[in-house]
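Structures are listed in the sections that come next.
Same chain, two partners: chain A is paired with chain B first, then with chain C.
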Partner chain A sequence: MKALTVSKAVTALMLAGLVLLPLYSQLSGNIFILTLFTRIVILALAAASLNLIMGFGGMMSFGHAAYLGIGGYAVGMLAQEGVGSGFIQFPVALAASALYGLVIGALSLRTRGVYFIMITLAFAQMAYYVASGLARYGGDDGLTVYKRSDFSGLINLSNRTQFYYLCLGCLFAVIFLIWRIVNSRFGLVVQGLRSNEQRMQAIGFPAKRYQLVCFVISGMMCGLAGALLANNTDFISPAVMYWTRSGDLMVMVILGGMGTLFGPVIGAVVYLLLEEFLSQLTEYWALIMGPLLLLIVLFGRGGIMGLLGRLNRG
Partner chain B sequence: MAEPLLRVEKLVRRFGGIVATDNVSLDVSAGELHAIIGPNGAGKTTLISQLTGHLEPHSGSVSLGGRDITYLPAYRRCALGLARSFQITSLLLDFTAADNVALAAQAHAGTSFRFFANARKEKGLRDAAHAALDRVGLAHRADVLVSRLSHGERRQIELAVALASKPKLLLLDEPMAGLGVTESQGMVKLLQELRKEVSIVLVEHDMPAVFALADRISVLVYGRVIASGDPAAIRANEDVKRAYLGDQHVVTHHV
Partner chain C sequence: MLLVVEQFLNGLQFGLLLFLLAAGLTLVFGIMDLVNLAHGSLYMMGAYFAATFAAWTGSFLLGALLALGATLVLGIVLEMAALRHLYGRDHLDHVLATFGLILFFNEAVRLIWGPAGLALPLPAWLTVPVPILPGIHYPAYRLAIIVVALLVALLLYLGVMRTRIGMLIRAGASNREMIGALGINIKLLYTLVFGLGAALAGLAGLMQAPILTVQIGMGENILILAFVIVVIGGIGSIRGAFLAAISVGMIDTLGRAFLPNLLRQVLSGAAASTAAPALSSMLIYLVMAIVLVVRPEGLFPANRR
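After this line comes the complex of A and B, so read on.
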């Protein structure tokens, strides 16, 4: 059986688990697990979006959490101003993320390597401090979202199960889109640029505009995650844009397997579950988490997906 | 006389105090195979880089088909029909041979801002890739990752990539570099075929190959063209003999 590899089997199991989770939650009466996994699914969406530029595009953005904040604040600020419709909030969240991505990308993509990492980090920190300064919208303390986005009867975001499926649907849709993109003409160019920019220029591709478009698409996907996140916590604060949050997203991607379709999802599930359970065990959970991640990254090159792939071969 | 395909006029490029390209002028007419030879450090690669747009000259001009391209970025020159191979193989190692070539075809087949359809299933691109691979004799290796191909095969892929863009002018930077004897002979045979279809500027160290292939040869020494002419004239040229003292026997003996 060549078709069913270990990594495919694990991926399928995980996806089935995610789809059936609300059922389990209902049967067992464990509401907490649904809340936990809603957050996991949203951050998996953010990680998947980061993977598009980092894994497939070779652009190591260290400021991806900024989009979580931008998407979140779009929802929070509009709600504060009395615009409760999700049909307005979500498009605004996407448009704001696209605009931020366009400006930041155009500036950052002039640099390469470490400089690119540093400049994306710097811009995200700027966004963090701007949000902290928004006195009207809670400043440092953040902003409570009193009413979740209203999709006028189409779907009720205050219903836990419905909201979970909305998030999961968004995740699947984004992964489907990424799958189409990476195999498209555009996707091949972006991956070619990751592999050898000089060669791509020589055969006639202007590098920057392809990378910029990819950067913007990825940002919009993460902005969507931000809009969902604000609805999930009924709250948005500058903390979601802090650089450690960007680091978390990077770890999820690397842990799961850069440049693979489902790696970031596995990475997010494993990372956040570990965080959850280790933090219940001990206050010093990071002391266990750190070495554990180190081991996986050191010995499982290509992350968990890489590890599973090797398991299969031998 | 018709406008030459490629015209280089008084090109100058300095690196600090070193003049790597010193007032170089040369013409390549359509259908010609023009070889550029010169000892190590003569500035051959610097010259090529200015032709391809990877390096900007300090003065002088380069024109292709009558159009000034001196300061055009590399990707725009490519659209005008200029293709190159690299001295040190430069391919997408984690892509298959067919993908490498198909991407070159894609660059010249409409927009690449297509996000949804599977590019690997576009028949036009795949056919073009296979035709180019077939041309260099590597059709049977189409689906192998380039990182798994031998050095010689990669040199051939370089050529296939350049061909896939259907260029008017092919700039080949030492296509024989690092090839064994039989591989070199294969490459010479291949170039002999290709030159019927496309004009070629060939930078090469392999003297027998150069003298077997070239219509005209320009000799570059210390960034300057010291002689330019057909192989017989170059072989007889005293300046060239002096510049090539070590390699003299190669220049004079091979017929």
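After this line comes the complex of A and C, so read on.
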């Protein structure tokens, strides 16, 4: 066994790149790249949270973007009502996500397989319509967040670099947490349930309870991403909860490598950079992206991480 | 009274339309075990084809027939080019691949027809109100939708339950290796079933087109409703899809029509007018949640495997 595998080297390079990015942006004067990567980091966080239930838990949620909206609306609505403190906004965002995850998870986990995919999709779509109906908070048009979350001098979210590092810190913290969860007894039970639910139940684990807790944790992580996203765009609208956004998150996870720790981050970086690149190339970028997805599914087993792993062996 | 009858018929019409969409979805899922998100795109293509062909030929009916044929062909081509390779793969792969197809179709439509929507004007004979009860008139076109959809539902039922092809389809659903071993060309059968599902989606799209505008993404919202119906009705069950589609169509339409007034009697005016739109759009999802709590497998699960 080699000490340094290809996938580890690529991961390390990417992480170093993410850490050093503001430096590059400062030196080159390219502010756009920092804005772009702030968004990428936030969505990577969302993808990592989805990976926890999808990759490790085997729960194929097609409604994860709902949490982006819930976290975002928690920030936006509180800001509109005059509560600007991040110390209130962020906990509320997490609590709201947890509550949504608890209710939706309890209902959805009664089903499995393709039913689960469709149910989570339908509930997220319901959340989308509810947000569209919130006339007081902009309805369809969305809600402008005039003032970013205020952390009373601790960190200034309006400073690009500080905000970027906050997002990156959150991403690393979440990945660390996922790593700890996956290797804990709890995480092993959840992974066991993915492989064989009946057998785990026969040993005496209450399957649904473990899965539900995992579902809620993942939702809270994604809610955090939502709260950051609303701060990043200074705006929140039902569009972030639209089902194609959930699809995007799924694609990021699969593209990077489901069930690997850093796969979703790589997936998010590659997917969003590709989107950026193609949309500069042609207005009709989805015309290329769509068939590309089809090809990735047909031929790219295990995503980028899987590819790197094969490179190492081959 | 007038309003109640009218909304009742609207609900029935919407429900039948949803059935056409859900039937294709549930057939393809029940028989090929394929989750096809791009089903909504076929619905959209049906509408675009109809608007284009009707403008070319100058006849609504001719345009509709050509559009029906075109979606059938499109479905068959799509199956042979892409979806055939997904049979037997993980459901997640289906979701992603067909998600990619949605992106492709939306963009292709934008490229070909432009971002603005199209209109599909109705011929004069379909716009007249028809008296259905003494003193109550209903638009002829909506009545025509109800009649056509009921006819298609009946044909579908007879076709699946009473013909040789239908027998093969049902046999293929319960054991594909066995009927392959008996010398049936299962590949061709699957292609035909997918084409049939595509044509049903196209029919729903082209019939809905004169009521709504023909636009990009029109298939996506209605696809989610079709999913809800498939889940409520039980995956793979045509009968379940039919009953669930009628119920969802009714609940959605009647909820939107009458819920605001009902709420106004309980809540204050302002609270009611904020809660009503959100609540009425949530209604069918609540129904789905209740069904799931009571019968996680759907109301009429097809007895398979």
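Quick note on the criterion: the second predicted complex is superposed on the first by the 312 of 314 C-alpha atoms of A that agree within 3 Å, B and C clash if a C-alpha of one lies under 4 Å from a C-alpha of the other, contacts with A are read in each partner's own complex, and residues count from 1 in each chain.
Convention: a residue touches a chain if its C-beta (ideal position, glycine included) is under 8 Å from a C-beta of that chain, and two chains touch if they have at least 3 such contacts.
In this text, all values refer to a predicted model and were calculated from it rather than measured experimentally.
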Chain A as common anchor, with chain B and chain C clashing or fitting: fit
Superposed model, chain A: greater residue contact from chain B or chain C: C
Spatial angle chain C-chain A-chain B, Cα centroids [nearest 10 degrees]: 80
Which of chain B and chain C A:Asn196 touches, first, second, both or neither: first
Which of chain B and chain C A:Val92 touches, first, second, both or neither: neither
Chain B versus chain C as contact partner of A:Ser184, first or second or both or neither: first
Touched partner set for A:Arg110, first chain B, second chain C, both or neither: second
Touched partner set for A:Pro206, first chain B, second chain C, both or neither: first
Contacts of A:Met118 with chain B and chain C, given as first, second, both or neither: second
Per-pair minimum CA distance [chain C against chain B, superposed on A] in Å: 14
Intersection of the chain A residues that touch chain B with those that touch chain C: none
Complex interface listing, chain A residues touching chain C: 60, 62, 107-108, 110-111, 113-115, 117-119, 121-123, 125-126, 129-130, 132-136, 243-244, 247, 250-251, 254, 284-287, 289-294, 296-298
Chain C - residues contacting chain A, complex: 29, 35, 82, 85-86, 89, 91-93, 95-97, 99-108, 110-111, 220-221, 224, 227-228, 230-231, 235, 274, 277-278, 281-282, 285, 288-289, 292-293, 296, 298
Touch list for chain B against partner chain A, complex: 52, 54, 73-75, 78-79, 83-84, 86, 90-95, 99, 103-104, 106-108, 111-120, 122, 161, 164-165
Chain A to chain B touching residues, read off their complex: 180-181, 183-189, 191-192, 195-196, 198-206, 210, 213
